[in-house]
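Reading through the structure tokens given below for one structure.
Note that the chains are named A, B, C and D in the order they appear, and that numbering of residues resets to 1 at the start of each chain.
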Amino acid sequence: MTRVGIVAVGQSKFGELWEHSLRDLAVDAGNAVFKDLDTQTKGNITKKNIEGLFVGNMGAGSMAKQSHLGSLVSDYVGITGVPAVRCEGACSSGALAFRHAFHTIKSGEMDVAMVLGIEKMTDIDSNHVLNALMEAGDFEWESLAGLTFTGLYALMARRHMKEFGTTRNQLSLISVNNHKNGVKNPYAQFRGEITIEDVEKSTLIADPLRTLDCSPITDGAASVIIASEEFIKKNKLDNVAWILSSSAATDRIGFFNRRSIVELDATKLAVKRVIEKDRVNMKNIGVTEVHDCFSINELVALEDLGFCEKGKGGKFIEQGEIKLDGQIPTNTTGGLKSIGHPVGATGVRQLIDITKQIRGDSLNQLKNVNQGLALNIGGIGTTSVIHVLGKD
Amino acid sequence: MTRVGIVAVGQSKFGELWEHSLRDLAVDAGNAVFKDLDTQTKGNITKKNIEGLFVGNMGAGSMAKQSHLGSLVSDYVGITGVPAVRCEGACSSGALAFRHAFHTIKSGEMDVAMVLGIEKMTDIDSNHVLNALMEAGDFEWESLAGLTFTGLYALMARRHMKEFGTTRNQLSLISVNNHKNGVKNPYAQFRGEITIEDVEKSTLIADPLRTLDCSPITDGAASVIIASEEFIKKNKLDNVAWILSSSAATDRIGFFNRRSIVELDATKLAVKRVIEKDRVNMKNIGVTEVHDCFSINELVALEDLGFCEKGKGGKFIEQGEIKLDGQIPTNTTGGLKSIGHPVGATGVRQLIDITKQIRGDSLNQLKNVNQGLALNIGGIGTTSVIHVLGKD
Amino acid sequence: MLSVPVFWRMNKEKYKMIGKKCLDCGLVIFPNRKNCPSCDSQKLEEFGLSGKGKIYSDTIIRVAPDGFEAPYITALIKLEEGPMIVGEITGVDIEDVEKNPQGLVDKEVSITFRKIMLNENGLRVYGLKFLLE
Amino acid sequence: MLSVPVFWRMNKEKYKMIGKKCLDCGLVIFPNRKNCPSCDSQKLEEFGLSGKGKIYSDTIIRVAPDGFEAPYITALIKLEEGPMIVGEITGVDIEDVEKNPQGLVDKEVSITFRKIMLNENGLRVYGLKFLLE
């Protein structure tokens, strides 16, 4: 089986970009990734080499009245004609599109593919965005009962606090860390540091979660180009982030139907496959992107990924283990909290930031990073997608 | 590279099924395909063997307030936990999901996968369905200009009539043929034969297209299970429809931006790949499913696929070449026109009907069919997906 | 806009709390399914639930989706027959609840029927809510 | 509901028919793009179109989407500078047009501005339509 690597990355600005349409965002990310492709390959590889497009997007239908993004994006970024498809799995749509591209190359069908994650969220009123995001949950038994996305995570947070003694302060530390990491990120929606007091004085959205526990509503797009080992070797490309593992799992759509609401089976199943099937040694992971749509999600995910014991996530964070100099530096460029969370773009943006840590050109570059892991979550642990990238 | 074959098929009833929710439809198709799996494998293979789920759906977000169908469907059909994803490319979503599953098996990632196409269209008012379907086109320059999906195809029809002298009568013959083929189809939405007069007296929707030129608004789901050659041989499965080619291509999203509006480049590009890359001899194709969302689309597609010359589609149909005893029997079980068109389900339903012709258990079984081709189109020739299935 | 059948389909479940019981493994199923989520059996019979249960976790929704009016309390309720369900807790003073960091966890509740939301046509949608015992 | 920026973003194009011209290959681009669809150049300058053109194909929309009122004539128009665009033909008698199986194909048109639709808030949205010459 051929190996597959990431050869170029690029993204648009993330933020409330009223002057940018869905297609403008796609073009910005496209132009950025093609510029990086030019740099990385010294002009030898261009968009003419792209054989397929895989778009990650959750809700352009509901939020921008536009579906069929495979065609729209290939058209506007200038690769009209290629096979193109949109993948969706709520907030994990970006990583699922990447996974589709990865398997298509591995199958021998093509050598070079483009992945583009995108979401345009500010073309509809913000209360309608709430409704659109709840499409990720169970419409009949959650949305119609008045539950919101923040509400779902609030239920998780309160139960985690009860069972394990997790504190308000521990949750706040997550937001503080991610904002701190995002200060230098030119693409980030929010670049200011915040304090624990800021988090704890921010408006309650769904008790116990407050504004600064939540990732924002964001417009943005992110793109990577991946290629087969044969292509990479033939064209003598270096500076490649190799895909060492791609793993996905799902859980029941209704949060009320889960085995547990403080331990997410989809993540546990996905990480099991990473270790057992793809033989990744988790001790080698030097950096991680962990889906922090809400502070509590990052905490629970760190436990489910096995970086600490179940129930000990709060302590782990308190001890500074997720900081840039901690045991497992997490969301080193700001996470969803600071960079923003254009739903379909996030999974691809995470892979860009891991790639940069592997290549050595991250804005918060760590030393001696050989492998990095990205966890992209759709819904409330409903779909978990893990990718591990490495130097070789 | 491993070969991949279809080992089981099943579908729900197609129609206006108010008493069925989105998830009910999924379960009906799931139970049907697992029942066929049981029959075909004499009970040796069950849903426990399924390693991944690929859902085709266009608009559950807009039409049923529900996204994240990978999780919802895997949960309700009883395969919770498997990697699951939804693929979208407007009306070609079903074939795109199938293509994703095909490449994932070919890549060696898994041996057995389930594909399920689904659309629930009657949970919202029918004028909102029109808006939702236009998400397949260019929102800014087509939807906002008041164009409908039927309107787009009407523009194609009028131009084709002008350039090639295609007649009203020739278009009518397509609907007549498809309805005739659907009479015995127990899953079909409309099982009555219609006459040329019926078509020509039916209400104008967008001149020159009338009600009986158009496929209906339909609820339904369709599913297939595919497996790797190793798995098929190890388990001594026979009665398999092998996937001889999977090919896709796209065109610009805006119909106004095309090279031609009477010849669809995406289909021409896709069929070129079928012939040149996968070395299919089109002369061996004994049966075809051609996307007849509108009569004019079937006519243009027959030309673009090369079954007749450009501009001669009308004549070809007049000569009876698409009939069950014609040169290339087309939509032998009723097509979208008679069976109905639950958008995301259609591409999978087409593959079910080709599989049955290959296996020998079609309701209108043809003799000596070794290979069959299905063309699933998204938008107005915006995405074209072709699959060729064969006996070996 | 959502059509009438959406609400009508869930009539039996939402207004009468009629679920299913698996004849093969005994599992009580609510909301309804055609296949048992535990043993995959399709042999299920109708089964009425008591509507009594205990709060497993809860939150105060302060920013509501379209059709709902914040603030209100939404909880995950473990029904006494086994299944969990999401429901609004009504008839309590939110100012009392918000003072307690544990919320209403472990409190016993029983079912009632109330207006849930206004749909897009401005029509009232009724459904199940819960009262503290 | 669609927010104001959606309509505001297309202001220049839809109200003044200002497109782009590629400085590398000379292509006239309308609606706007950031990259030339022919040669992929990003060196584009603003370019005003005359708003004159010829009907390439047309139809009478008799079942309209939300916000529009049927019947009306919608056409693909080939602008004299090259690009094609979709627009409503206004100021013609639909009863005359429907008698001709060729519709309005090859007729010359020029641009005008009119109410296009009512949006979800009931506000009028204006945009370009075409008049027969």
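Note that contacts are C-beta pairs under 8 Å (C-beta built on N, C-alpha and C of every residue); 3 or more make two chains touch, one makes a residue touch a chain.
These numbers come from a predicted model, not from an experiment.
Common neighbours of subunit A and subunit C under the contact rule above are B. The pair B-D is the one among A-D, B-D or B-C whose contacts match those of A-C for more than half of the residue pairs. For the interfaces B-D and A-D, the C-beta contact count is higher for B-D. Chain centres here are means of the Cα atoms, and by that rule the chain farthest away from subunit B is C. Distance between subunit C and subunit D, defined via averaged C-alpha coordinates, is recorded as 50 Å.
One finds 32 Å separating the Cα centroids of subunit B and subunit D.
Spacing of subunit A relative to subunit D, judged by their CA centroids, is 38 angstrom.
In subunit B, the residues touching two or more other chains are 21, 65, 75-76, 80, 128, 131, 134, 140, 143, 252, 257. The multi-chain contact residues of subunit C, meaning those touching 2 or more other chains, are 37. Those residues of subunit C whose C-beta lies close enough to touch subunit A in the complex are 10, 31, 37, 56-66, 68, 72, 74-76, 83-88, 98, 101-103, 105, 116-117, 125, 127. Remark: subunit D residues 1-3, 5-6, 8-9, 33-35, 37, 40, 42 touch subunit A in the complex.
Partner subunit B is touched in their complex by these residues of subunit A: 1, 21, 23, 53, 58-62, 64-72, 74-76, 80-90, 96, 99-100, 103-104, 106-109, 131-132, 134-140, 143, 246-254, 257, 265-266, 269, 378-379, 382-383. Residues of subunit A touching subunit D in their complex: 18-19, 21, 24, 27-28, 31, 47, 65, 75-78, 80, 122-125, 128. Interface residues of subunit B facing subunit D in the complex, by the touch rule stated above, are 127-128, 130-131, 134, 140-148, 150-151, 154-156, 158-159, 161-162, 168, 203-209, 252, 255-257, 261.
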